[in-house]
Amino acid sequence: MLEQLKQRVFDANMALPARGLVTFTWGNVSGIDRKTGLVVIKPSGVEYEVMTIDDMVVVNAQGEVLDGHFKPSSDTATHLELYAQFPELGGIVHTHSTYATSWAQASVPIPALGTTHADYFAGAIPCTRPLSREEVAGQYEMETGKVIAETLGETDPLHMPGILVSQHGPFCWGESPEQAVHNAVVLEVIAKMAWISGTLNRQMSPMDSYLLNKHFTRKHGPDAYYGQK
Amino acid sequence: MLEQLKQRVFDANMALPARGLVTFTWGNVSGIDRKTGLVVIKPSGVEYEVMTIDDMVVVNAQGEVLDGHFKPSSDTATHLELYAQFPELGGIVHTHSTYATSWAQASVPIPALGTTHADYFAGAIPCTRPLSREEVAGQYEMETGKVIAETLGETDPLHMPGILVSQHGPFCWGESPEQAVHNAVVLEVIAKMAWISGTLNRQMSPMDSYLLNKHFTRKHGPDAYYGQK
Amino acid sequence: MLEQLKQRVFDANMALPARGLVTFTWGNVSGIDRKTGLVVIKPSGVEYEVMTIDDMVVVNAQGEVLDGHFKPSSDTATHLELYAQFPELGGIVHTHSTYATSWAQASVPIPALGTTHADYFAGAIPCTRPLSREEVAGQYEMETGKVIAETLGETDPLHMPGILVSQHGPFCWGESPEQAVHNAVVLEVIAKMAWISGTLNRQMSPMDSYLLNKHFTRKHGPDAYYGQK
Amino acid sequence: MLEQLKQRVFDANMALPARGLVTFTWGNVSGIDRKTGLVVIKPSGVEYEVMTIDDMVVVNAQGEVLDGHFKPSSDTATHLELYAQFPELGGIVHTHSTYATSWAQASVPIPALGTTHADYFAGAIPCTRPLSREEVAGQYEMETGKVIAETLGETDPLHMPGILVSQHGPFCWGESPEQAVHNAVVLEVIAKMAWISGTLNRQMSPMDSYLLNKHFTRKHGPDAYYGQK
């Protein structure tokens, strides 16, 4: 029953090295079947070069493995927490992509500086607070999901389809695994450009909010007119 | 009748990903047939991997689609405004290429720092003012073309074959679609080098104007002696 | 008897250009057979494009060539000194990889800024003091090994599997040649990200030590739970 | 008679795009036959993708074309001036490679910061003064050669096999066209690393001179012991 989702999650995982977003095994994509609540996710530490569709792992909302011969990604609890918090999400991706991770290490949000950003993210991309000693000592991966939700607050997660976890790296999401990966690619490009822009003009202010709204709604929502829809 | 122009515009569009200037669908090239005033342009939001020559769209000066099964690029009105303002132009390209877009986000012109720049651009590459709230709320894409023309002013567009739109990204042009793409590649290289030069020497001044003129006229105009002409 | 080690050392050397860590011949990998104390290492100045497994050189702990038709790497004495000092090591790699070398040239340690770093290095990656005039005039390559050992001090070399040699470049190691190369790739990624993070936030402090310990022990030691073990 | 040199100069030119040193036609390599004084050089403005060995141009010391159906590189007079000034040279290369050109645009020498630099360049890589208005208005390309020679002064050109021309870009050389290209690759790597190092440590001082001398003489001169010679 989950064969189709397994194929899509596998393909989405394979897109990470193809897009230059991962070194070694530093990334994972999951997808959820909202009817059953089951989640398909990459196995932990398996190299992309040898991974096959049969290596995908199926877990339930409690993280119990229902199908698969491998342990799921060590970040599984983060994914599950996000799926529980945000029913809009169909896919989640975590990477250590170079530029987005550099911002996460610097613990600063990525300001909205131009239309490339505004086409996908409806404002500055937030960075979480650092996790506390207790959170790291406890259910660390689940707490990572909680601090992401805390940081997003009332924001529609599809209007802010990615975030930086302080001292760690980016998580992105979307209505599907494919969209989540798409947004992870965008985030990496935006992170690189915002870094360069910031060194070119240290007194730079964020983009005009009316331009940001124009570009976001040009691509998203009822009045979108970008593309063939 | 426009088959040849369609082929050239298609090839010029395909050169964008090959040259590393676009991510996903973030770029478009057009070409104009000055006898008929018809413009061939990329369809909106179609991925380069699957695009064929038959997907090109033909529009007239009013933006009406005369041929093609897709909607034209959402930036079509910007192209049309530039063709109307500058009869010298035969091709136009818009991208979100990383380095040029970073300068556009920083809202600063690219100073002329060396002969690579001077071989193509006869002075600093300008950055437009930000569009006003009214311009963005109105015919946004056409206003983008107008602010480009306003910024160029009396400058010969073939002496300044590219510009930065503030908070957005670069537009380039030339006597043909091929030249427009060529200039977009050059702009991206120049933007990268000017960024690096600026971090190496923060008190740097622009290049000597007599060296700039020498190099520009070595490649352009009646006294050019670069190449085989 | 050493055929298997030769093959592994050859493969590990060939991984350096494949991973983008070397220009021309600027890198070398060795492996040691702890039973016999013999070391297999890349020949000096031989280009990767033409190198074969038969070009590998076998030396003893005194650096005498026991097998091979080429001179061993000019850095052989550094490798031998490290093998003598640290019985845990099974493989060593030296490169002039761009980002790690840039930190070595700047003579500053790489601070631990995020979990990518913490997954492999249990603290800031140290940079040696400069070698003295006497050390450079004497047995230079052996002294390079000595200053690395001096800098590591009591640190477990498998908890700090790489170091920067001031004004020179990185050395990495591991329990095997493959692990040494793996760590060299990681060091290069970390070096790039730490550089970018530092330009994004000049008041940045190192990551929380409890997060660093969490991630290091998640992947290493008796309580590791990353991967399939 | 010059067929062998033509082949070598052609191959050396083709190495420029393969090594990522040129965009479009922005580079050229020449080689000299010291017995006859004839120079083989790339034709002006011909694209690498279509260039063949038969397109190489043979000129004499006065720049007169003795063989070839194309005009020689517009930089030919610079090459000829350098061959006249420095009898040690067998090959010369000019590029607009990104990082070296960025230093040339910033008009600052590249300090010697590490052993990668010292393995090839026996000190800081100088940057020429800007050419005067008169020099640019006169025999510009020949004056470029003269200012390079003026800047080198008494320095052995094989100990400093490259230089930055202010507001322009790098020229490199060697005993052969192949060595000249090799040095151009090295210069580009060094230029990138020195840029990064400088942003990591703004109070950085050049490397110790005894380490610089050690590495240069390890690879060059009678006491060299790097490689298989």
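Per-chain numbering from 1; labels A, B, C and D assigned in written order.
In this section, a contact is a pair of C-beta atoms (placed from the backbone, for glycine too) under 8 Å apart; a residue touches a chain by one contact, two chains touch by 3 or more.
All of these numbers come straight from a predicted model, not from anything done at the bench.
At the subunit A-subunit C interface, residue numbers used by both copies make up under half of all numbers present, so the two copies contact each other through mostly different positions.
When you average the Cα atoms of each chain and compare centres, the chain farthest from subunit A turns out to be D. Our note on geometry: subunit B versus subunit C, Cα centroid distance of 46 Å, whole angstroms.
Measuring from the averaged C-alpha position of subunit C to that of subunit D gives a distance of 33 Å. Shared interface positions of subunit A, i.e. residues touching 2 or more other chains, are given as 198-199. The set of touching chain pairs reads A-B, A-C, B-D, C-D, using the touch definition from the header. Of all the residues in subunit B, the ones that touch subunit D in their complex are 113-116, 182, 185-186, 189, 192-194, 196-201, 204, 207-208, 210-211, 214, 218, 225-228.
Only residues 23-24, 26, 43-46, 70-71, 74, 96, 98-99, 101-108, 130-131, 133, 136-137, 140, 167-169, 195, 198-199 of subunit D touch subunit B when the two sit together in their complex.
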